[in-house]
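Submitted below is the structure of interest, expressed as structure tokens.
Lettered A, B, C and D in written order, each chain numbered from 1.
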Amino acid sequence: MSYKVKDLSLADKGKVQIEWARKHMPVLDIIHEEFSKEKPLKGIRISAVLHVTKETAVLVETLMAGGAEVWLAASNPLSTQDDVAAALAVEGVHVFAWRGETQEEYFDAIKTIAEAQPHIVIDDGGDLHAYLHSSAEEIARKVFGGTEETTTGVHRLKAMEKQKILKYPVIAVNNALTKFMFDNRYGTGQSTIDGILRATNILIAGKIVVVAGYGWVGRGIALRARGMGARVIITEVDPIRALEAVMDGFEVMKMDKAAELGDIFITATGNIDVITKRHFEKMKDGVILANAGHFDVEVSVRDLESIAVSKREIRNCVTEYVLPSGKRLYLLGKGRLVNLVCAEGHSSEVMDMSFANQALSVRYIVENKDVLEKRVYDVPREIDSRVAELKLRSMGIEIDSLTEEQRRYLESWK
Amino acid sequence: MSYKVKDLSLADKGKVQIEWARKHMPVLDIIHEEFSKEKPLKGIRISAVLHVTKETAVLVETLMAGGAEVWLAASNPLSTQDDVAAALAVEGVHVFAWRGETQEEYFDAIKTIAEAQPHIVIDDGGDLHAYLHSSAEEIARKVFGGTEETTTGVHRLKAMEKQKILKYPVIAVNNALTKFMFDNRYGTGQSTIDGILRATNILIAGKIVVVAGYGWVGRGIALRARGMGARVIITEVDPIRALEAVMDGFEVMKMDKAAELGDIFITATGNIDVITKRHFEKMKDGVILANAGHFDVEVSVRDLESIAVSKREIRNCVTEYVLPSGKRLYLLGKGRLVNLVCAEGHSSEVMDMSFANQALSVRYIVENKDVLEKRVYDVPREIDSRVAELKLRSMGIEIDSLTEEQRRYLESWK
Amino acid sequence: MSYKVKDLSLADKGKVQIEWARKHMPVLDIIHEEFSKEKPLKGIRISAVLHVTKETAVLVETLMAGGAEVWLAASNPLSTQDDVAAALAVEGVHVFAWRGETQEEYFDAIKTIAEAQPHIVIDDGGDLHAYLHSSAEEIARKVFGGTEETTTGVHRLKAMEKQKILKYPVIAVNNALTKFMFDNRYGTGQSTIDGILRATNILIAGKIVVVAGYGWVGRGIALRARGMGARVIITEVDPIRALEAVMDGFEVMKMDKAAELGDIFITATGNIDVITKRHFEKMKDGVILANAGHFDVEVSVRDLESIAVSKREIRNCVTEYVLPSGKRLYLLGKGRLVNLVCAEGHSSEVMDMSFANQALSVRYIVENKDVLEKRVYDVPREIDSRVAELKLRSMGIEIDSLTEEQRRYLESWK
Amino acid sequence: MSYKVKDLSLADKGKVQIEWARKHMPVLDIIHEEFSKEKPLKGIRISAVLHVTKETAVLVETLMAGGAEVWLAASNPLSTQDDVAAALAVEGVHVFAWRGETQEEYFDAIKTIAEAQPHIVIDDGGDLHAYLHSSAEEIARKVFGGTEETTTGVHRLKAMEKQKILKYPVIAVNNALTKFMFDNRYGTGQSTIDGILRATNILIAGKIVVVAGYGWVGRGIALRARGMGARVIITEVDPIRALEAVMDGFEVMKMDKAAELGDIFITATGNIDVITKRHFEKMKDGVILANAGHFDVEVSVRDLESIAVSKREIRNCVTEYVLPSGKRLYLLGKGRLVNLVCAEGHSSEVMDMSFANQALSVRYIVENKDVLEKRVYDVPREIDSRVAELKLRSMGIEIDSLTEEQRRYLESWK
């Protein structure tokens, strides 16, 4: 048995965490039961690069219940929960992950699990796919197929597909409706508010919240901020989305004007320089700045640093910048994703939907390996629907189904 | 000058109606001004089959401001507003429409405007397109292009495209985001509630409203019913939509169960037999039944008629059916579209968005007639965006635009 | 049998109306059944001045089921539904009411029913109470007690109480929680939106709605306007209410500023001159003005008339005023209560709550006539609670009740 | 200079905390400025028993700005923030408070500040008032007056008033509209959700949340839970409140039935035994139990302990109870107030409103000491209004005021 974790004695603590997650991942739980009976992954070796968290543990256990042997490395040197890693090691997972890996150790771990000669690879960001294609082509050639969890990873794989160098089929789990519609809108919507509350403990009711961007994430945040009693202002660059925001009852204006009004600013655009120097200068004293979009470039931390005359940590996750005018601005989580840095990121329920797509996609690859081409596929619609069905079932909700007559009627006019 | 209307002396009354509509169609108003200056339709003859309403009059005036000569017939024998038709005749439109046309008169009118040898044809339902393709091929061959307002019409045209018999390019105005997203969600959402209130004057707060279907229309209705204080139950056949409804805080269940709970039922599925005999039998005494979807087949009027022991009109738009058990059910607007039959259908603001797409699509065809193929096109994205922009402008709302750096950044990672 | 109505042949039509109302007045329905069994009003003569509508008919039938003999006159010369009056006459009610009474006929009718020597009087506005106290003191002296439906009537009676000239006890039905909290907030909230939609058919989503006053009525309207997708601005003179509006997520500002922003203005303050000349002059072209508060003095029709250069009816219930600047303002229902004038006022469900308080208060007076003093009483809390209980029961809703231990615990610390 | 704190070297850290609080207490900030100019508390000695937190520090500084000398002790042995206490000591406050006082030390501190011979006393819970009345009557006799922050304290003082043993006038700050309406509804509404999120990180959207009690607190929680996407069920014992909940669109039922449906239960009744053994036994596996009402008696922890076969801490603030059936229930914060135990209690904005009433009430007592009787007074309406006005002003919000004509009109009919 091979593995490398920080401290095996943390296993019991990790086990409790995994149990708590499992309670909130009912879809994987149903799949787990199904996999246990049908063993669809019997004899399959899977190498996975994922954040080594309690939710990932529930996915890994599901794959093992299906008969798979699992090798696991971390998708980020800082995100491993050492107690969970220990628990997985005890359960027989070949886990090579600990919090605080060096860059070298991080890549070594990926190399180790790649060399396990997996039939299936699961990746979160594309580093494992990249390693297989660049440094282990022999192994890659024998891979039945892979999945990818993130937008960035899918982007890298699409580039490889375009260059016709992809060595195995990949399913872009990121594109499942039951993933992105749920984690962006409901997941990030809630956890962004959560991050702001944990960081600041301010009262949201009566505040003016400016949300930059009215995509799925921005909508989720706007809805939740309104739900907490805020008056919400939207900024957008796309006129159709801007108009939707208006019709949804929100105020819409340029950031230049919103900058003068807002108490709390939240960016969710996926773009750079959404809030910059000239906006900071217009803001009221005491405003709060948070980013729920991409990286720490949406709120321009660079600009903030350049104009501030002083800076200090006020509370955990809150940095105060004093401008030359004496005005104070409060940046949360250093401008990084506020829901990850200041709260706990996605809840188990949200990861459940995403990982259910992973588990079913893995099975799909195994069962269709002979017909799949070396392409990047969307999650098949039937898997997407199945995940929604299982989620509804886990909630005890039954829905109608079309009768034969109804199906015919729909086909006749559509 | 040729036209045929019921009574020219109604023109003044019609003019007032048109003015009222114009006040609530600011996008067309801006386009009207633009067309007046630039005359992009100079020398263009347009034949249009549309409901002859005050909103259509505003579209026609806009086309004429652009330099066009307009021939107009009704798209439904019963929907013509005679005062509006009279006003248009006085303004120089070749209008052939009156309320209560016979079937023969209806088709004669279409024939008349087809024979005017139009450069552009505008249709609502496809009867004009059909006539040109079947009975006036010579004329059709010289048409620059056409537009189509409805799903049904687009469906017919796509069939013709598939059979390669389309004689000119057609733009499916129906598919513009600024049309279907707005009229379905915001337009029908409001007017369905309006129809129910006018028909019944019941208090919605505290009632259980069952909405069948969680597409754009169903969502709009659910949102508005909740906004009036109802407890809303959704029924759906698609698990992903059903799950969205759950995550939006609604109850979701089978119609068989909802039938026992609801006070008001509203169908919005586009399908047949959504509420049938076995549901009626489970319902509480006194429930209200309305359809906001397709035809009078969603709530099965046939089933209702077959099981009822008696039937009478209680109020305008309200028919009472007594079941053998003595229970009374109230059907609104005979099961036809409740917003059209019991209220006034779409408001001018909603038609404004749709007809702005019409006006700009007509201009687009004229300017691109040499490059357009004999196909069914979606409304070009730039027109769709333009309509949204003009709507925002008419509301005095300014939005941000991407800087060059932002545009590059987006392209770099997407 | 004595009565005076317009046309007895309308009775069948009236009967249908009354049935429809009864279906939506479940609380009175339960009381009706109870009264039928227990006959608490046996031998009691009741004279009532009320709007002669289908809902009043359901109250009258309930009183008769309890054993009462009922004499009925109209509380407004214009509000009588002649078909309902006819149906009541046929049922044996001494009804003296028809639409379009002269002032003299109106007071004659009141005189007639006063002279019937009632044990109990029910009044809506105070004219019957006033007549008894000023012109029929002998009769008044023998009255067991009375009720009063309106704020104005209660005001008049309190003045009489203060002067110690009240000749019988009166219960101020108007002050029941289950009356004013429900009809103001939920009733007027909905029917105001309804009135605006029927008058204008405009789309509310995306509009800026200015609500003057954040009392019960204003809150109801603000909630419903937001529920239809509007952006809502509140004006207030009371800082605590204004702050509540802010904390509820609304914008709050002076009317002077709101006047520049709003698309629709709705007054609900109970005061004069809320919107006046200087506000009209700041408004955007095309705004809509409606009053949901007191009389036609909230929106100053006087000012509007004085500054307008022209005026005309655009649609039923919509008057267009053109200002010297050419700007057009649209006043609904001549500035009178928009929910009454442009829609149908309160729904039967709302009147049900109010009239249930009437019926139970009448019974209460009969049963407590020996202990009640010549004062104005609030509706006893147990009646108020009972009405709520019956309403819940009619909806099939069961609630918890305190255990003995819980009751003791509450008493111990409160 | 006398004081007793844990560690004076924490003063700098405390100062940062106080600054952060001050930024979110704008009403006190305005009063601070006013007090600095007018010195209304010159020569006044104040003894205060309050939670020694950053918000209390802002109140104390305000009183000192007014010229007062302040003596401060903790109102709870565990709630003192030692860094804030240190900062206050450095600023010259006679503070006798540290986290982890013994019961004896707690009462010693109260004794110390009582013996400072205050002109004004501020209390939170009534221990200082009680001490003065029982053990320091001489001192009490010279007190100008006092204030009381809590319901419990007011209750104790009212009992003393009834027995005519009150030695000075007391203002019940707890009863100010700008206190209880805001902290209960907006404060506890938000912080309860916050506590649940911090404890569990579960997704609220799509969950069934059962709120027991529809008073101010319950309303606030219900609104926020709905705002986060939950389906909300209310239980109530008062039929009028229950009916309001129904009319607000919530489901209402008995706890016995809700117990079978809920995912998350939150009690807010102020009563005992709201959720007991028989409810636990009906619940689904995995439900979450939280209390936002009184003490740990609303959710019967006693019952839970008695039926559970095992119990363990799963996460900070989450205790898992396993029932004999194998079902697991998760109790948050041991059943104590979830917003205090699992989150940070009220935000500074909420305390701002409460403490502004304190500061203005203190001034009021000083200025009216000669006319006030030895009674328990409500906060004068003008102070309540003033707090709301200042809060609006701090937000840059201006509201209308009545004209002379409007004032007269109102008086004429009310």
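Everything that follows uses one rule, which is that a contact is a pair of C-beta atoms (placed from the backbone, for glycine too) under 8 Å apart; a residue touches a chain by one contact, two chains touch by 3 or more.
Chain identities (UniProt): A, B, C, D = Adenosylhomocysteinase.
Predicted model, so just to flag it, every value in this text is computed and none were measured.
**Q** Between A-C and A-B, flag the pair that has more C-beta pairs in contact.
**A** By number of C-beta pairs in contact, A-B is the larger.
**Q** Over half of the residue-numbered contact pairs in common: that is the test. Which of B-D, C-D or A-D passes it against B-C?
**A** A-D
**Q** With centres defined as the mean C-alpha position, give me the chain A-chain D separation in Å.
**A** So the centroids are 38 Å from each other.
**Q** Rounded to a whole Å, what is the gap between the Cα centroids of chain A and chain C?
**A** 54
**Q** Which whole number of Å gives the spacing of the CA centres of chain A and chain B?
**A** 39
**Q** Can you pull out the residues of chain B that are in contact with at least two other chains?
**A** In chain B, the residues touching two or more other chains are 186, 205-206, 226, 229, 243, 246-247, 395.
**Q** In their complex, what parts of chain B are in touch with chain C?
**A** 16, 19-20, 23-24, 186-187, 189-190, 193-194, 197-198, 201-206, 223-224, 226-229, 286, 312, 314-315, 318, 328, 343-344, 347-350, 395
**Q** Considering only the defined contacts, which chain A positions touch chain C in the complex?
**A** For this pair, the touching residues of chain A are 205-206, 226, 229-231, 243, 246-251.
**Q** Which of the residues in chain B end up touching chain A in this complex?
**A** Those in contact with chain A are residues 152, 155, 177-178, 181-182, 185-186, 235-240, 242-244, 246-247, 252-255, 257, 270-273, 384-386, 388-389, 391-392, 395, 397-403, 405-406, 409-410, 413-414.
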